[in-house]
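Okay, structure first, notes after.
Chains here go by letter, A, B, C, D, E and F, matching the order in which they are written, and residues are numbered from 1 within each.
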Amino acid sequence: MQTFLKKRIAIVIEQPALNRVLDKLDQLAVTGYTVYPVIAGRGREGSWRADGMVSDAGRMVSVVCVCDPAKVEAIIEPIYKIVSRQVGIITISDCEVIRPDHF
Amino acid sequence: MQTFLKKRIAIVIEQPALNRVLDKLDQLAVTGYTVYPVIAGRGREGSWRADGMVSDAGRMVSVVCVCDPAKVEAIIEPIYKIVSRQVGIITISDCEVIRPDHF
Amino acid sequence: MQTFLKKRIAIVIEQPALNRVLDKLDQLAVTGYTVYPVIAGRGREGSWRADGMVSDAGRMVSVVCVCDPAKVEAIIEPIYKIVSRQVGIITISDCEVIRPDHF
Amino acid sequence: MSAIDLALANLLSPMVLFFALGLMASLARSDLTVPEAIAKFLALYLMMAIGFKGGVAVAKSGLDMKLVGVMLAGIALSALIPLIGFALLRLSTRLSAIDAAAVAAHYGSISIVTFVAATQTMTTLGLAYEGYLIAVAAVMETPAILTALLLARKARDPARRAEEEGMGALLREIGLNGSVVMLIGSFLIGWITGDRGMKAVAPFVNDLFFGMICLFLLDMGLIAGRGMREGMKTLSWQAIAFGLYMPLISAGLAAVVCLALDLSLGGTALMITLAASASYIAVPAAMRLALPEAKPSIYLTLSLGVTFPFNLALGIPLYVWLAGVVKG
Amino acid sequence: MSAIDLALANLLSPMVLFFALGLMASLARSDLTVPEAIAKFLALYLMMAIGFKGGVAVAKSGLDMKLVGVMLAGIALSALIPLIGFALLRLSTRLSAIDAAAVAAHYGSISIVTFVAATQTMTTLGLAYEGYLIAVAAVMETPAILTALLLARKARDPARRAEEEGMGALLREIGLNGSVVMLIGSFLIGWITGDRGMKAVAPFVNDLFFGMICLFLLDMGLIAGRGMREGMKTLSWQAIAFGLYMPLISAGLAAVVCLALDLSLGGTALMITLAASASYIAVPAAMRLALPEAKPSIYLTLSLGVTFPFNLALGIPLYVWLAGVVKG
Amino acid sequence: MSAIDLALANLLSPMVLFFALGLMASLARSDLTVPEAIAKFLALYLMMAIGFKGGVAVAKSGLDMKLVGVMLAGIALSALIPLIGFALLRLSTRLSAIDAAAVAAHYGSISIVTFVAATQTMTTLGLAYEGYLIAVAAVMETPAILTALLLARKARDPARRAEEEGMGALLREIGLNGSVVMLIGSFLIGWITGDRGMKAVAPFVNDLFFGMICLFLLDMGLIAGRGMREGMKTLSWQAIAFGLYMPLISAGLAAVVCLALDLSLGGTALMITLAASASYIAVPAAMRLALPEAKPSIYLTLSLGVTFPFNLALGIPLYVWLAGVVKG
């Protein structure tokens, strides 16, 4: 079965800024994204845990976007602008898919 | 420390079809899998959010299966048959493990 | 936009042993980590599901740590010592980041 | 109470107002949300409470033989309404046969929350109703699904049909839907334990009931609003119209059927409400398994974003009035 | 009751004891936790219950014109307190202007749980209070945020300022905060439905209220303890001191303002409590959007790990006593 | 009431029926589930309610010196029962020493839900019992774990033993288990606040109690069923038999001990129930830390899939009858 190379952009961003990231991804017309919950973590801003939290401040979520290698630059640039201002990180990795048209 | 190359199959599938995917993986005798929750997403079928949802319809989960590169074909084929009928995607990527026998 | 190669260590470990893993990562002075919830899975120890569970025993969480390739050995060694005693797995994969200093 | 007074009183009930609050919050894109686990808990509670109460009521009144007739009538309505719905959708909209069948299934089946809201109205109006209607509600959940499957079968290309796993497996997956099991199970437990059981759980299933419904309706409003924002893009005005007139057709049909059933006034109103309500818990999940190629955005938006609000705000008082006509 | 007796009675109330339990459990690194979904549910419930009750109270008493004056006073306090806080922080601590502004915003805004705990004390003391104070609490949430933004603006480098998206968008994001919407919405629903509505939801919003607060305070204790463990490293003793004396300054200011308001004794105590309380739900989230470069570890720890426990254990009885002075 | 009537009445109680509902739903592979957050909430609520009640009861009755004796008896039972269990498992099954020790620990420790179900039976039978038995239940949680560790030590290869981190750290991890902390904390708060506190939280901890237990038992049934489906493959019939006769042995032992304690009839029944019950919250988590090489599938299935259903359905009435024999 033939597969096609794509890029997997994984963003960990603090919850209150999530909508900004998703709205930006919508503007950038990515084919899609998936948001994962995160229950705890540590970074330069110190460590945090989700349980018992009422406020969204100080907790993270993770957004994963699979896209064409050609599109990565165009997506990372504006997303990084948002993330760099907030608490969060971005990682990029390779992955293969079966339906290239889908991404 | 020596590591061994394996493949990481990541499936995002709508909740109601999860059991079909897992039952299939069990039939295929994979050494194991892990199911992750997903809280929101967007794809060709439009965007969705888990919170407040009562019905399982229209929400996703993510299944990750680490397996031997030799087994990938045998696993992807039947899983793709299920996923292609439903709302969902499949991605494949490389990863290394320490205990090759485990996967 | 220039990116830098890092390693992504992904650990699936049973909940009761999570603190041991995190404490160890803190000792190892990694720049950070992210803990993801897991809702179900299967492995050598059989299959499990989180829903309805009261006790932490027999359920998993997933810890992801992005670090410098040079550091991987130093991190994997002691973490593997913990994981190998418990129910759990470790996988390592490549990823790229934008701020190398951050990891 | 005139139909108008009824309608007004209904519109100003806490239930409807909390639904409206959720609806507006979500249309205004507020970040107000009910955690998924809580929404599932509220649904679980509702099934338990309403089922248990129904069972206890039956334990009190005993089962008059009318039950059988009402059950059969319910099954018939659930099985036939999709045929009407399917025909109307194919005539009035551009929906594919598969999509039309999936939508039709929702309108044949029932919405337990609409039913609960209606029982609440009965309580405020001081109208008694047959406890076994809970059981009737339960049996009305699935027949509509079967009708829809048969409608879709004909439309499906043979290739697909090959892929389908056996009807049997499918029915097991569908029939054992959690909410249905919880509803029937609680009904039986209420029936078995009767007053004794009710005394023990009354503060939980009775006293809290109304407050929990308000929270649940807040959540329904949030989801409905989201559905409107999302789904309206994909829905033609003909489809939206269907979501408004189909419940009326079902209600009319049920009213006629009720002429033959001699239920109490409250029972008649509830029976009509059941027929007029559209499922959005059991059936959507079933459709994802049985008709995966049908677009969820269409049937979810129609049943939750159009028909549910309509029934809650205007439908229920109308059905009470209709029941009055039937009985008087 | 003397201030001392009051303080003791307060320290031995189940509310405070459950908070202490959570605090100690978390400081001892016990794995006792409240699931996030439950914490959010408890908060949702609290907003619903307290809002609804306030609305019903207003429906009963009717709105006397004093409300306007009290509202304006509340807005003024919320808008001005941050100026004092900002000045004190800049003088006494090494916090950057941005961090100082962010912290100040929390002390201008209000903590609804502190308010709820205070209303509970009123009930135990048999002191009546104006129902519309809920509405006042709601309007006091946001003005402080605006003051803080203006304070931060001046300090911000122009580069950043360019990045900022329009104030308008920001205010929408902030103004539609879920907890505020739930509070105001429930208040209005309570107002509209009045006694009729209350009769239906009383077991839910009244009878359970105290038990739910206890659970919520257990959770607050767990979070506060975590905050202490985490945050104390990052906080200077001057900052911690600020978390202890700032509420007293706000309380004093509010007491003076109350001289002009002629609220009931209970109402005065609540007004003072509102001024003295520091937000940790709405404002922190707003700060992450409006002033992302401000360190959450600082303002979260101060408001939740220092000021909230202080208000709960010692502040509230003190404010009741202060209200006595004002009214007597 | 004869033992038979008791057994029948028990089998038809809502608690047992909801457990059965969950069990059957899960064996039939229905998708009925209780969200994890809700299950944790129900457990938290149970600990809070039962602990608080116990504390209030003690505040009322005062502590008679018998408490000390009962506590010591409880500790002794918890510490000794694992020795018996270990010996029987090693003789009758093929379990490794480590696995046998881990299983034995569960039977020495206690199941708070079994205890709660038993207190409910006391209430239905109108039997009073000593409030401090809650405290006894709490102290019986851990001694069994220590015994099991000593049993396992001897069996462990030295290499492993080197790896082990200090006993001290381990005990801290285990002793601060959330459910134990919540139980003891609520007990103390109930004790301190007494009637005053109870008046405030009664609707929450008393009125809802039974309904919440029913929901919790539904969940237990779902989990137990899953455990049966999963675990039965891995369990020999000898192991399963152990899960049925071990509680009887513990009960007998406790009955003898109770001859020396002069507890009330209800208290005796509860003491026997505690000894006969097997832990599945605190101990499994502890075993994962202390004896990671022991297979969770074995001890979880035995305690939750075999012993808990047995105690709930047949054990409790039997223990009440046994208490009757002891007391006269």
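In this text, a residue touches a chain if its C-beta (ideal position, glycine included) is under 8 Å from a C-beta of that chain, and two chains touch if they have at least 3 such contacts.
In this text, all values refer to a predicted model and were calculated from it rather than measured experimentally.
The minimum number of touch steps separating chain E from chain F is 1. Homomeric contact chain A/chain B is classed as different-residue, with under half of its interface positions used by both copies.
Ranked by distance of CA centroids from chain F, the top chain is A. Using CA-based centroids throughout, the chain positioned farthest away from chain C is D. Between chain B and chain E, the centres computed from C-alpha atoms are 44 Å apart. Rounded to whole angstrom, the centroid-to-centroid distance between chain A and chain B, based on C-alpha atoms, equals 19 Å. Averaging Cα coordinates per chain places chain A and chain D 38 Å apart. Separating the centre of chain D from that of chain E, both taken as means of CA atoms, is a distance of 41 Å.
Listed for chain F are residues 31, 33-38, 40, 203, 207-208, each touching two or more other chains. In chain A, the residues that touch at least two other chains are 19, 36-37, 39, 56, 93-94. Of all residues in chain B, those touching chain C in their complex are 1, 3, 6, 8, 22, 25-26, 31-37, 61, 66, 93-99, 102.
Remark: chain E residues 12-14, 17-18, 21, 25, 28-38, 203, 207-208, 210-212, 214-215, 218 touch chain F in the complex.
Contact residues of chain D toward chain F in the complex are 35-38, 40-41, 44-45, 48, 172, 176-179, 181-182, 185-186, 188-189, 192-193, 197, 200-201, 203-205, 207-208.
Here chain C touches chain B in the complex through residues 10, 12, 36-44, 60, 62, 73, 76-77, 80, 89-94, going by the rule given at the top. Listing the residues of chain A that touch chain E in their complex gives 14, 16-17, 19-20, 39, 45-47, 49-58, 81, 85-87.
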